[in-house]
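Labels run A, B, C and D following the written order; every chain starts at residue 1.
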């Protein structure tokens, strides 16, 4: 061989441990292993050890454990991705931060504001990067819309809307086991973040909720909700509507719209591909069916951004600059959580509810 | 640490050498290194050695050489990607095949049918996998359209169209250096393949070309063409139109349409993202600007498919099955090349030209 | 001449008098004279007599008067179109009915439910046809959507939305003179009717309003509102959102959406024509600018339907049958008005407000 | 009554006689009677007298005759609409012109250029207005596209396309009786005019045709063609493609596209209304089914324009000015016919055919 010498300028990948090998965790694991060159998935923790082992085997990950603490204790791990149940998010973030690990946490950041306050304290004390899985920000169309807000093309936002309809078949098999508040804390929290992000010059002030169990009315008595419309009032007067539904027969439907004093921008893709069919009954096209299809690139991009942030911290380099506010952190987590918690209150009382002052609290901590 | 043991089920990546570190070669290199987990880019060959070294450094590729022969001689290389000038494609394919390397070759497979015949012989003798870079087949919308043909939703194809408009600024800086026939051999060959693929139950029989140098009329005397419309007649009566232009101010415009006895399907994406803006002058949206943007996923998918094929050969496993004809091989290269060569003749005479019998030749060799 | 004899089977047009020669009245006048063969505009009444005379001259209408009573007294007039200010609608309807004239009344039918009750009584006593100008029902896309609800393609409606954004330039010149409640009584009333019509198997039960003067904040103190979001709760559990804004820079934006247990349907046209332009900055298209452009056909269709109804009454023929509920009458006027009035209350209190029981009242009268 | 006096400023309608009460003639009759206030349909001539009588009765037209000569002799008739078989168009135009009647003639203007020359002579001698039924020019999207060419938004046209797919069920019942050349003389002539109109700064120079009987192959031997692709070369280098098919299962599909040095514009509407449905199998929408649905407004507009031209001649007023070339006259009829006739030649020889010099001939006559 007569190859010439090459000095690699390719940065070393960040080493990531995954906590939670469920559906979303497994998807993140595949992204980290297969689609994000800046990250290596090196360990998987899940008490459901078979799931962790199977995923690790599939991806060639050498380290598996039932206990997340093993990841925190591992000096070869730079960062963790937290994809377990929502009720564990805050404590896992705190433990990870204390161990000096950077954290990517699925939404919500915590299930109440006190918990999130403790995460904020731990992260601040440890000086680690903490990022939340508001993946919608990384979808090309939603980001293009945000850039239009930033450029002034929309003017001052006055009317906003964001909706999430999860795919379904007209029934919700495990409705009985869905925690109360899920539609606000785990589904609409994406919409609340999207709205807050689009209207980031203002604060959410109050909400009014109309919600019901229209898909599974039998579970409404137990507090289950599968359909919700939320009006959010912002400090700059803007009025936003967020809407969620748990069972759209035509697939996964996510849209956003910002109307302002200078124009409007819409995001959201109605079709799965650009192919359009014409037949005896008219025109037809495929619709997006799953979040991991519609947002495949967005899920990759949020983890790639995370890896870049971690690398910047590790290597003392500048954090990535996206030109517009993008990487969602603790303040974003707090704002969206505060809206979701106000919604739970409004859903119970039927009356408008105030959003706990997110900026005040956050500024006090900053 | 108390990690549990894991036996990796992840297959070993195929080791690929790249020949040609120009614009397209560099893009393929980044795909192989960063976006295709089943492939490792392990070596780069280019006589323009600085380009090769710079690319290798960027991607952490250890082996660089000015001479492709080094790649053929390297026992650690499973396969090569040929992305050099078209006039070298055939000989590089032949040399690679003789060295037992699997080949991914950018289009065209050769610049005439004799050359391609020698590639066919060498590939057949060596028993290697040979694949051509007809990336459009791997774009989600074009593939969905092909599936509609396969499913019968379109019926028997009767009218087809395919167009390629390259982005430009209204002039073509290096028009003088563009080889004659480029618009047919390097641009429209994508459209010819798309049409052949959509109408794969039939053979292209004859063509008629109308072409001109409308962007750079000063170079027409030297045989340069930047605008072309081609009518292709198929053995099942179907009539296809292929169209190319070298300078669309609004970006990269690629579309396909198949109309048949039962319906129609269209492919081609008019907008860069799903974001739509509304302002005082109306509605607006971004258009796709570059092939590597519009077809980013398709470029990745064709190389991932190649890696899967190579791995299947290496590991004695079944080749990937896509449900419809997908992976383009030598017969596809031959058919598209035969159409392109007939176009060169028709462009010179102004008369229809017969397409050299592709199936006959291919069957004789098979 | 050797023409053969013909016995005309063409029905005699109904003779219509117009009350109100303002902007909308003049548009209706032109529709009646020029676009609706089943109607003849024969008289115009408006205290602003110059406007009436000018319009009459333009259209060749022979009878002009400042006093609507002249129309009621005219035995050659079959029907009147009421297009004056909202506060006169009810009394004009009552007087017309008592004179035996059929009535087409612009929205709202009245400014409170008592007034509307008196209209109901007068119309019932006289046995005339009374129709309200909910023109959106007659737009091809909105009607197609309603047919999809009727066919079961949508299933049971669960989430609905309707929006109206009037075109504007970013300020509202006569904000000081706009009557309080206009955004609900004159703008959103179209959306309330659209929602009621889509979900006609149920009744609106309660509303919650968030509204503001975001375009003209200086007039908010005087009770002026230019931006509003309304949540409407229906007796079948469905949740609807209606939204209005008085100044969209990109033109006139009207949309509807019905999501149900079996699917979704959307109505609303984003572009003025099907022409799409591509240039250096991307794709662009014209947006609809005026209600009388976007809904030109719908305005014609509602009056043509009115003329058919009047003719059916006059000639003792069967009323037109549209296959789905279409022609909006007093019950529709009452339902939409009840929602608008509840909105005025909710806007003042900031709390949800009950919708006055429309079906109960209407049934009692029926 | 106390009505005030009004002096009508409404112009007297032009009095039109219809020749031909077939499908298209009946549609024009209804437009003239019901949708065009500037025209009165006063007489109908058709040798199939029952059709004429039935249509006259429906519309309240008093004069019916089997003989068009009665219309020419009638001093109360200002103008005629010729909607009989193509082979009679020229002689009817000549007779009408000689009688001093203005003429609206369905396409084609004649079946050969000599015939058309005689029409040109008669029209010039009589000084009447002669207009041809190229209705596509009056469709809002096609006209918007033409305005974009006029404004320079497209630059110099380089690539054009126009297609017509007639609705069908997969067979053509009366294929045996369709005159030879129909696809060029009666269908594609619309496309030829659209292309000529878009590229009106240049002349069509030559054509090349690929055509077949793919729907009804059994009639190909008798000269029947149901599928055709035409390439048209223009004097400014522009290359156009026109395409026609007689049996699209999904309805009536008409599109246009102009690509030039500064951009592109597309016309053609894919859906019947703006309503979009989403269900378990994806997104769907209705497609246009009939020319008289898709082009309803365009058919009305061309006759309204005709009426305005006739009225301008009658009243000595200025002809309507549309800002861009719009009203199609004899030169347009000649250009499109010359292209169609060249196509018939090319279809027979399989070779390119020259287009008879349209401007030369027309200028000689002018």
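Following the convention adopted for this analysis, a residue touches a chain if its C-beta (ideal position, glycine included) is under 8 Å from a C-beta of that chain, and two chains touch if they have at least 3 such contacts.
Treat the numbers as computed from the prediction; the structure is a model and nothing was measured.
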item: B-C or B-D, whichever has more C-beta pairs in contact; value: B-D
item: Centroid comparison with chain A (C-alpha atoms), farthest chain; value: D
item: Whole-Å gap between the CA centroids of chain C and chain D; value: 37
item: Where chain B and chain C are represented by their mean Cα positions, the distance between them in whole Å; value: 57
item: Interchain centroid distance [CA atoms averaged], chain B/chain D, Å; value: 43
item: Junction residues of chain B, two or more chains touched; value: 248-250, 253, 262-264, 270, 272, 276, 278-280, 286
item: Chain D residues within the chain A interface of the complex; value: 248-251, 253, 270-272, 276, 278-287
item: Complex contact set, residues of chain C against chain D; value: 1-4, 6-10, 33-35, 37, 43, 49, 53, 56-65, 67, 70, 73-74, 140-142, 144-145, 148, 153, 262-270, 272-280, 286
item: Of all residues in chain C, those that touch chain A in their complex; value: 158-159, 165, 170, 208, 210-212, 214-215, 217, 227-229, 231, 233, 237-239, 241, 243, 245, 248-250, 253, 259, 261-264, 350-352
